[in-house]
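Two complexes, one shared chain (subunit A), two partners (subunit B, subunit C).
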Partner chain A sequence: MAQTGFAPVADPARRATTGGLSGHWAKYRAGYLFVLPAFLLYAVFMIYPFAQSIYLSFTDWNGVEATKGFVGFANYRRLAGDDLLWSSLGHTLIWVAVGTIVPLVVGLALAMLLWRRPRGFTLFRTVFFMPQVLSSVVIAIVWGWIYNPIFGILNRGLDGIGLDALSRGWLGDPDVALFAVLAASSWAETGFVFVVFLAGLQNVSRDLLEAAMLDGANAWQRFRNVTVPQLANVVNVVTALLLIGGFSAFDIVFAMTGGGPANATELIATYTYKEAFTQNRIGYAATLSLVITVISLVASVVFIRLRERGES
Partner chain B sequence: MFRSRSPRATAALVLLLALLGVAPQMAGSAQEEVTLRIWDQFTGPESEVVDQIYEGFAEQNPDVTIERESFGTDEMRQTLNAALGSGTGPDVILYDPGPGYAGILVDAGLLRPLDDLADQFGWRDRIVESALLGTTIDGELYGLPLTTDIIGLYANQTLLAEEGLQMPETVEQLVAFCGQASEKGFIPIAFGDSEGWPAFHQFSMMSNQTIGPEAMRRLLYENEGSWDTSEIVTAIKTFFVDLQEAGCFNPDVNAISYDDANSLFYTGQALMTPTGSWLANDIQENMPDQEVSLVPFPQIAGSQGRVWPSGVGSAYFVSAQSAHQTEAGQLLDYLVSPETAQRWVGEARFFLPLQVDTAALEISPLSQSVLDVLESAAAGQTQLGYNVDVLAPPEFNDTMLNGFQTILAGDKTPEQQAADLQAAWEAGIQATPAP
Partner chain C sequence: MATSVAPRGGATRAGWMPPRLSRSGGEIARYAVLLAFLVVFLLPILWIWSSAFKSSIEIARSPFGLPETLRWENLTEAWTTGRFDRYLWNSVIYCTAIVGGVVALSCLAGYALALLPLPARDAILLVFLLGLMVPFQSVMIPLYYLLRDLQMLETYWAFIVPGIALRLPFGIFLMRGFFRGLPPELADAARLDGANEWGVFRQVMLPLATPGLATLVVFQFMFTWNQFLMPLVFVQRDELRPVSLGTMFFFGRFTADRGMIAAGVTISMLPVVLLYLLLQRRFIEGITAGALKS
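Our next item is the complex of A and B:
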């Protein structure tokens, strides 16, 4: 039974020999049935909520009223004049750029250091990966302590080495708060990037590296022209994941600063949350969430296209 | 009709009716069992006392079973809006009475007005008028106020006496006090505003003084007047600019949390801290050997006088969809009965907007001073001010939150903040019902 069901799926070329919808159904029925559970889950938890978000973005619903007033494109028109949206978007772009580049560079550097399995390999691998195991809230709390102006180790350390002019209320200064939170987030993301690169490096051909060395390539040239091209796929995946994660970043900011002080760390996701659950503007929040979706989709597609062009 | 069916079909119908809950009613029950579902926000150590208080009601009413669930503030708002909106919510809710909380539920017709119960049980004779005003929305009483707060300045009298420092009565004296305290190595006033909301209370203290409680009532309840006035600018400037410049606060106010600021006060690093009566119990627990007083904030020159801003912390509401309105009303009255009020004050250590007989209770001098203020207000002898944020729409609170942090960071003027507050007020009252 299972065999007869699978055969047509495994051989799509046979589709051409059978005509009509009923013939198609007869041949692929089992395949569709196997897909059905996953599709139902996807439909219930992805497609339906997404369609609902689009619908809500045309309403002024406050999350409570039984009726959802249709307001046409009013929420979309509001986007253009919403200063807080644009400043949140600016913070999000900084977040995505720094939050992608720093873990990528540091993660790759750490992976390169451990590539040749130096002494203490297991210990370092565990230590570097550790932050990834911690929940964002734990990271937020611990880094909050590090930055604390009363008992935080950062200001104490700066005072101790005579750099007390640099010590400040890191999470309370609108000029540095975003970068202070970014440092905590990058620290956490680096562990993941490091492990993926370490796995990717196992597939890098040592023969090619030796050949390059014999040809007189120096360490940087070997890294840039031999190692990195072989890691291209890993770089692609990691960058795409960091980009998408960056656009929807929420938890660590919410737990560390709540978007403050004075909106200085407000990202588009935290702003959306506040509009929905503090200001009771679900309709406008749905519009904002669609903005996040469009931006991360565009960023991912552009990035993948650029990589494909680079590879070809 | 039943007779014409086959026995199997009849049996199936009976089973179906039984499943639908129709069968017990057909059989007829002499005493209907009622389950009252209560959602509250007691998640702290007082939760056990709350269980006992609810049990007390169930004991007096053997047909009533109480099902209780507790939520944190954010959790409650997200769950309650959806639950009441979809008709599956609780019968009785302990919730915040502000426009962004209970206000939008009232607007959606999901809460029941309590005016008839207030008349029936005589609540208006027992409960502080300003507290009832705090739970009145669109001219009708919707909430039974339970916890009431007053906001002022806590001072460590033990340290002041040791250091020979005089308690300031005016802001001018306070500025001088800040200099003396700093010279002695103390933080004059512990103030942390990393969350943004602590500044709400400082603004309430200042603005109630500069415009007076009556003008504040008209502004909040009748939308008479404006936030964009020289008095409000003075209120903002005095606390968020002048006192900061005079070195009255710890450094990095925006980076210090409310709890951290309290710790500075508990540990004796700071001599004073401006916050509400809700902290009285924590202060007594953390500073058992120190004498601490709570006073209204020192007087701003040219203001209407020192005022205690006060607000309803939380109140009980009844769902409009509850099938057990009678029992819910009885429960509410039980919760503010003289016997239960004694338990709230004596065991849960709450401050209630009622006259409570505390003679038999063990009350610390600090708590007693709060109770005295509330009792004097209940007797009409003291006019309390208004805690602005619990009566303001979310747009206004958001402008307070970010605006005061920006002023503290030196990036905004009090004049601009006053103008922004008025703009946010106008936007807010259009979107949410007036208190």
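Our next item is the complex of A and C:
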């Protein structure tokens, strides 16, 4: 492994004395050939477009004209005064916060309840995870029906238990639409969190828990001081995945409300999509896509730091 | 532990009940919560399935009741007018090509980055790590124009090629992790026996990485089957749409006929739900390992 990070071919003295290039090739040929197909595809369809996104953000291109007008930082200056961007960002923050906390809490609770594999374990696990295999379009249509003011089972259920005052057109009301979509999203995500916690709990020491019990710790103290610390790593992973996915969330919102009513469920990702593919403001949309990218990157880096600190 | 998370039943009564009774109180509370969530997760799905056999009027009149008569014609009509045969077939093509591509390229690169001598290994890893951290939106717009210029937008390649490329970072880090867990002495022994590098990889190391392979296949299959934004942007022709996208356009065309929509949604979810029920342990293990090891 000593060769890593240093390319002998760059060293002219060595190339001259040891037959350099062919020696280098003989030594690393297999490595190069194994990595090359993946790297080429990745370079052309990931790195190159990524660089192009940065370039486009400095233009006012509309996607049609042959020339892309260079506008400097104009798109970036426009971000500050774009009310729709700021409201989308606000919705995205709510989305990330609620969409992380709810699946985390419910998923952990369900995993705790099934930790010791009580009777019916397989049935419960199979059902709790099931929404996770459904596509977001299916989830959006099913939940759109649940919320339907005319025949939806939510209003029917509320009427049935005498809470008809709460009935409403859930997706048509700007005050509740975002949370209605969040409920659907959390319904789908919880199963994922649940199975990961279930796996994490297998590594929690029962002996420690029994020792704590003998020392007189009550159930909450055992959970808080013995179980949770041993789960810290799993909590970190799950939180990070939910956070990073949350900032670029698009599918279920687009399929359920399209960002409406009155932009009440517009997230930064749905806003970017519209700017790019319905308004054809490619330059500005590229700038917005970089805003999502930067936020996601910051979230990832913060998470990696936290995990490193947790491991050391 | 039941009382710690379900205090409603167990913990409050524990104060005055004899230990054995409080324990069964805890069990009752545990099952009350579990059954409540069973209903929450199952009811919406069962409701759609039963609605698939009802008329629009019946759906509105008795949403919770079982269908009066099984209207199979909803399903057959949704199947043909909704073109689900086409959409499902497209999804099979996309999944086969993308899962195959991601697995093959990730195994090769992951193996080299784990076990073969390679200059600038850390730099290559860093470049792939970037792809793991940035969202699809960071490349979405230029990628559309790149695919247009390569004249791929009207073909299956519009989803297949970027579908593979953008998932390589995940696949490579996952497979690298698995290969790093194998003893490198095995490879050295095979080399001493005269095997070339391809033989070492193919005959010795790859078979040992089968659990990792299974994880990647499950993870990537689920991801691709349900992928939405990428085909929405890149797949332009209706006859090339995967089932996730086809379902949305089907829904847009038939909003009035509720029995038919329920039938379409049922058709759309049935293959993957059946697959899940058949292989549920593999699904859950794959997703768990993929989440924890990447």
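The criterion applied here is as follows: the second predicted complex is superposed on the first by the 270 of 312 C-alpha atoms of A that agree within 3 Å, B and C clash if a C-alpha of one lies under 4 Å from a C-alpha of the other, contacts with A are read in each partner's own complex, and residues count from 1 in each chain.
The definition used in the following text is that a contact is a pair of C-beta atoms (placed from the backbone, for glycine too) under 8 Å apart; a residue touches a chain by one contact, two chains touch by 3 or more.
All of these numbers come straight from a predicted model, not from anything done at the bench.
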{"item": "Contacts of A:A97 with subunit B and subunit C, given as first, second, both or neither", "value": "neither"}
{"item": "Subunit B versus subunit C as contact partner of A:W187, first or second or both or neither", "value": "second"}
{"item": "Which of subunit B and subunit C A:A26 touches, first, second, both or neither", "value": "neither"}
{"item": "Subunit C versus subunit B, contacts on subunit A by residue", "value": "C"}
{"item": "Partner chain in contact with A:A232 - subunit B first, subunit C second, else both or neither", "value": "neither"}
{"item": "Which of subunit B and subunit C A:G258 touches, first, second, both or neither", "value": "first"}
{"item": "Touching partner for A:Q279 - first (subunit B), second (subunit C), both, neither", "value": "first"}
{"item": "Partner chain in contact with A:V105 - subunit B first, subunit C second, else both or neither", "value": "neither"}
{"item": "Subunit B versus subunit C as contact partner of A:L163, first or second or both or neither", "value": "neither"}
{"item": "Touching partner for A:G63 - first (subunit B), second (subunit C), both, neither", "value": "both"}
{"item": "Common ground on subunit A, meaning residues reached by subunit C in one complex and by subunit B in the other", "value": "63, 150, 277"}
{"item": "Contacting residues of subunit A [partner subunit B, same complex]", "value": "62-66, 147-150, 168-174, 257-258, 260-263, 274, 277-280"}
{"item": "Residues of subunit A that touch subunit C when the two form their complex", "value": "1, 3-9, 24, 27-28, 30-32, 34-35, 37-39, 41-42, 44-50, 52-53, 56, 63, 106, 109-110, 112-116, 118, 120, 123-138, 140-143, 145-146, 150-151, 153, 156, 187, 191-192, 195-196, 198-200, 209, 219-220, 222-223, 234, 237-238, 241, 244, 247-248, 250-251, 254-255, 269, 272-273, 276-277, 282, 285-286, 289-290, 292-293, 296-297, 300-301"}
{"item": "Contact footprint of subunit A on subunit B as seen in their complex", "value": "74, 77-78, 81-82, 84-85, 100, 104-105, 107-108, 110, 193-196, 250-256, 260, 263-264, 394-395, 398, 401-403, 405-406, 408-409, 411-412, 432"}
{"item": "Residue ranges of subunit C touching subunit A (in the complex, touch as defined)", "value": "1-6, 11, 27, 30-31, 33-34, 37-38, 40-45, 47-48, 59-60, 63-64, 105-106, 108-109, 111-113, 116-124, 127-128, 130-131, 133-146, 161-162, 164-166, 168-169, 172, 197-198, 201, 222, 225-226, 228-229, 232-233, 243-245, 247-248, 251, 258, 261, 265, 268-269, 272-273, 275-277, 280, 283-284, 287-288, 291-292"}
